[in-house]
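Each structure below is given as structure tokens.
In what follows, chain A forms one complex with chain B and a second complex with chain C.
Entry: the complex of A and B
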């Protein structure tokens, strides 16, 4: 296989490699008559990403008739090659030495040629013969909306849960009823169907999947400035995230989702939840127990639709730690606002518009907790009937005027910068070998 | 250690702005530099080893730093770069590079002028730093000097029939070196009148072989004068010692011959257009 990319497409290709590098350590390169694809698996094999480049993407693409080359190379080696593509004018890729090495030649400005030969690890490929069903739930939207959603959560967050309903969708970083420790802070945001380009929920469902690979794919979607499509069925079935660019690039990320157990565990979990939260008076951040991710080892060579996780988690809906307050004069299509996660619990989020939905942190005083919907099947957390107003909705009244700024003589700090550093440098021994006075205390 | 009073109070410096004739008689070496920036950059580029040898002659100042028997770095500042420069015969002393680097950096980047005084054998080197904008602040440093052995005299034979000389633009070469894999063990540098003209290969990275090639017609090459093909390997850690000098250089001269000894001149343009340059000698690894 031999192919050539021009400068602009090399940058796109580099972005693809950078995005895939966030998954795992091996890159599978597969080339056939119609194009080339890059695939990778994450370490737990619970997600596979495939970025396919049609031969029209390349300036020149040649394979032997009926030839299908596939190999596995080290991801880091590939990433090093494509790390800086600013000065690249042309990229040539080919297999040399009888498919034993993968050669990448970059022709750069100033008549510079950079050549890398990466040894092929293995002749392996991934088979993931899975396609989304025709009648499954579909949500398509610009990369911007999904990036906003993912930015709403802590970068360290591992999983998110999507609760998809007819007209709206809840995205949260926890599954209700799950056991978490005291430091964990739960956040949730609700979006209306009209925020997305296409919103088609055949069957209301709730799925939980890993955020890391999703973010990696979003990074590439942003580079391409394309929209992203999610297709999923019920919890336990894989979710398919796809990008399509001008018929030249097709990306597909297949991720497994947590399966939901029957509600038999539901009551037990809920009670313990109540006990945990009733002891605390203030809302505290809670660290997520990341026990879930370890059990997700699956082989994609199995042609199964159902991906089951051993972790027992349930979807509960009536331990409403979050309360929603809608202003009385809301319009029918009010904006959904994502409240920033790491908030000072004693302050409130500022209302961005009059018609915003405010996200109040869990108020753990028993008297204010309102269990809105004891029905187990409804996933919506609806608003509190009594306005919970002990926390004011805007920060204006709490604003304290700023203290007058000190006039800075910028030079002073730089001139005396040495005074702010430790005086004693242990590496240089004292000239006399005798200490007459010890260092004074740092106060 | 000498002075607890400043030189000014002692009457050694009559006028802070200018050195008078009388002061020279006490000192073997006196110099004044109006902008320390280039000098400071040069000292920092040499600060990979602690022991530096200062040699002052009528031509100028030379600072030498060596690492083992493999690498030697020299900083050359000609007498014309200094606002004032007086030396009695040849003056040689050793100094801790880290200390002088810290002293020159006392004012953290603010433009300063520098005066240097050296009384003679055993005396410390006195530096007086004076920020150009602030009239009422100055810093005085007194650094102990040591005796130092001779340094190795490296030399590339100008007449050798395998002498290769290439002048490259500083920023472009810095770019190339920066992109090389830092995990490599060795670098092989090949210069040749035939293709490939200028090639740097990284060796020792697992599963990857990389090289960068620049054609002699490239606009980053200002001069290409190769008499024969030379190729030698150098340790990556030693090559990386040049990176501070490379980052500050406006142009770089690379010279080598069949012995493999690599000489690199990093020209640093100072404000007054007088040249300060750092010269590195790097020994090749023996071919097995």
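Entry: the complex of A and C
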């Protein structure tokens, strides 16, 4: 594959690489007859960004017929090459040494030639065969409005929830369960539908996705001065963010969304009066800790209640991107396997995290066991009842009265409720989380 | 404890945003002291950071159309003292850039004490397009026993106070001097001349500003007969540079007061009753 770009287009290409570098560490370069595309995955493999450059974008573009060259190179190496493109007049890219190295030649002003050879890590590519359906919700708007929306949130904010209604849209930051112990900021922005160029909501939904990758794409949209299009279905299905520039550049960002069972702790707060604590700050911290644990248990109970409610009302739990099904240990209706949200079998990548594979059977075991326990209990109860009826029917004095059944100590159940649950709580990790250590106790 | 304030003038709201943005460039958290007459934001000198001591004085009756506060009950002047994260507050107020209708600030308690910011902004094109933003910024309530640690700094009695030329000129100059010498000497005379002097091993660089307006002058006993009163003080260049580069407000009214060899007092007077102050202590050359 050989291609040449002029100065202006090199700058655009550089902006694309800079935007993709915010995603992840590897850049997948794929070249086929129609053009070249740059793809990358984020570390948790919950988002894939594809920037496709058509043949017409290049001054000169040549590939071997019917051959698709694809490779994986280090993102940082590519970023260093395209860091400063102020003086670049021309850029030549090609594969040399029998597809083992990717060569980038930058011809700059004052007769300077910068030559970089990046060694190809691997010959592999990503396939993410997902296209947005025709009847899903669509929101298109200029990059300005989306940038204003994202500026409303902290730069460190990880996930946002988009609640799309008929005439309005509500954007909130997503607060995950494990953050209840800290002080977090809650932000919310409400916009009218008329602020967008195209606002077509078939079904009112609310989706939650990562802000970091969205911001990276917005950066490129700003560079191109183009509008951004969001297409999504319901919670759990992926969201497609696309940019289309003059038929030369097409960008698509596919991000996973949290399933509808994940409840944000955003609304879990009740207003009360601010009290002054008379102790000093040190003591204050200790006191706050004890109240926080209480709050966490209370809010967790509320969370599980809400989870059950959402299960009733959601249309489907499974999605194309995720094999995530809720582990419902309170109701024996569906025996389900909880899989980590990041796992995506449709993406063919070389390194499927070993952690997630190990976690899967462990969780299966737990869920199976917890499921069998209530079943056993119910069986025991029914047999006991049968026994009672038999005894009463015989009605003799020799019958030894049955020992009193253990009363349901409701208190114990709620205080030690956490002990009876699986250690892996699906509500806690986020799409951004990485599992560094497995559950220590698999029993 | 209750605190509720509402702003309705778009110009005032934009200024408030700039003030908070200035503070966010200087310190990570600032102390907000609320009382019936004044609202203060104090950005303390944090150990390890080069930021100067900056405090903002706001007259709430001017800025806020509605203002109610109920401090910690005591016979003395009731106050509410909060420790506010500036970056979060800055993000929360970011919608104030687009012609807001009103902005409400409230102290609430949702799991932990928060400063609730409720902004209603309309976009420029038509009046029915409105945006609403609601933010809950977590704050720390500082108990009464800690209040003496967070006292508001006092404006010092300066020997000479002059109006400085615009921030744009000074900022560029001090940034360049920062690379040459660690200290910068402010020298002012009562005839309206201000010199910024930087001394290195090989050279002495002096920048003279003349015909500056004299704001205030405190003549002590020994100086009564002198024709020209002078004052000078050498301060840390990095702190000075930080202060000037952090200023986000349009600073036409920038004044500099010098207490001979003790400190420099910089004041940005945004409008009557609203001012940003900074005190830079003297350093040994």
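Rule of thumb we're sticking to: the second predicted complex is superposed on the first by the 254 of 443 C-alpha atoms of A that agree within 3 Å, B and C clash if a C-alpha of one lies under 4 Å from a C-alpha of the other, contacts with A are read in each partner's own complex, and residues count from 1 in each chain.
Convention: a contact is a pair of C-beta atoms (placed from the backbone, for glycine too) under 8 Å apart; a residue touches a chain by one contact, two chains touch by 3 or more.
Bear in mind the structure is a predicted one, so any value in this text is a computation, not a measurement.
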| item | value |
| --- | --- |
| Touched partner set for A:191, first chain B, second chain C, both or neither | second |
| Partner chain in contact with A:131 - chain B first, chain C second, else both or neither | neither |
| Touching partner for A:64 - first (chain B), second (chain C), both, neither | neither |
| Chain C versus chain B, contacts on chain A by residue | C |
| Partner chain in contact with A:183 - chain B first, chain C second, else both or neither | second |
| Partner chain(s) touched by A:110 [first = chain B, second = chain C, both, neither] | first |
| Touching partner for A:74 - first (chain B), second (chain C), both, neither | first |
| List of chain B residues in touch with chain A within their complex | 1, 99, 106-110, 131, 133-134, 137, 144, 172, 175-176, 179, 181, 205-215, 217-220 |
| Chain A contact footprint on chain C (complex, rising order) | 1-2, 72, 85, 87-88, 91-92, 94-95, 98, 107-114, 123, 128-138, 140-146 |
| Chain B partner contacts - residues on chain A that touch it in the complex | 73-74, 77, 80-81, 83-84, 87, 110-119, 121, 411, 414-415, 417-418, 428, 431 |
| Residues of chain A touching chain C in the complex | 148, 151-155, 180, 183-192, 194-195, 268-281, 284, 288, 295 |
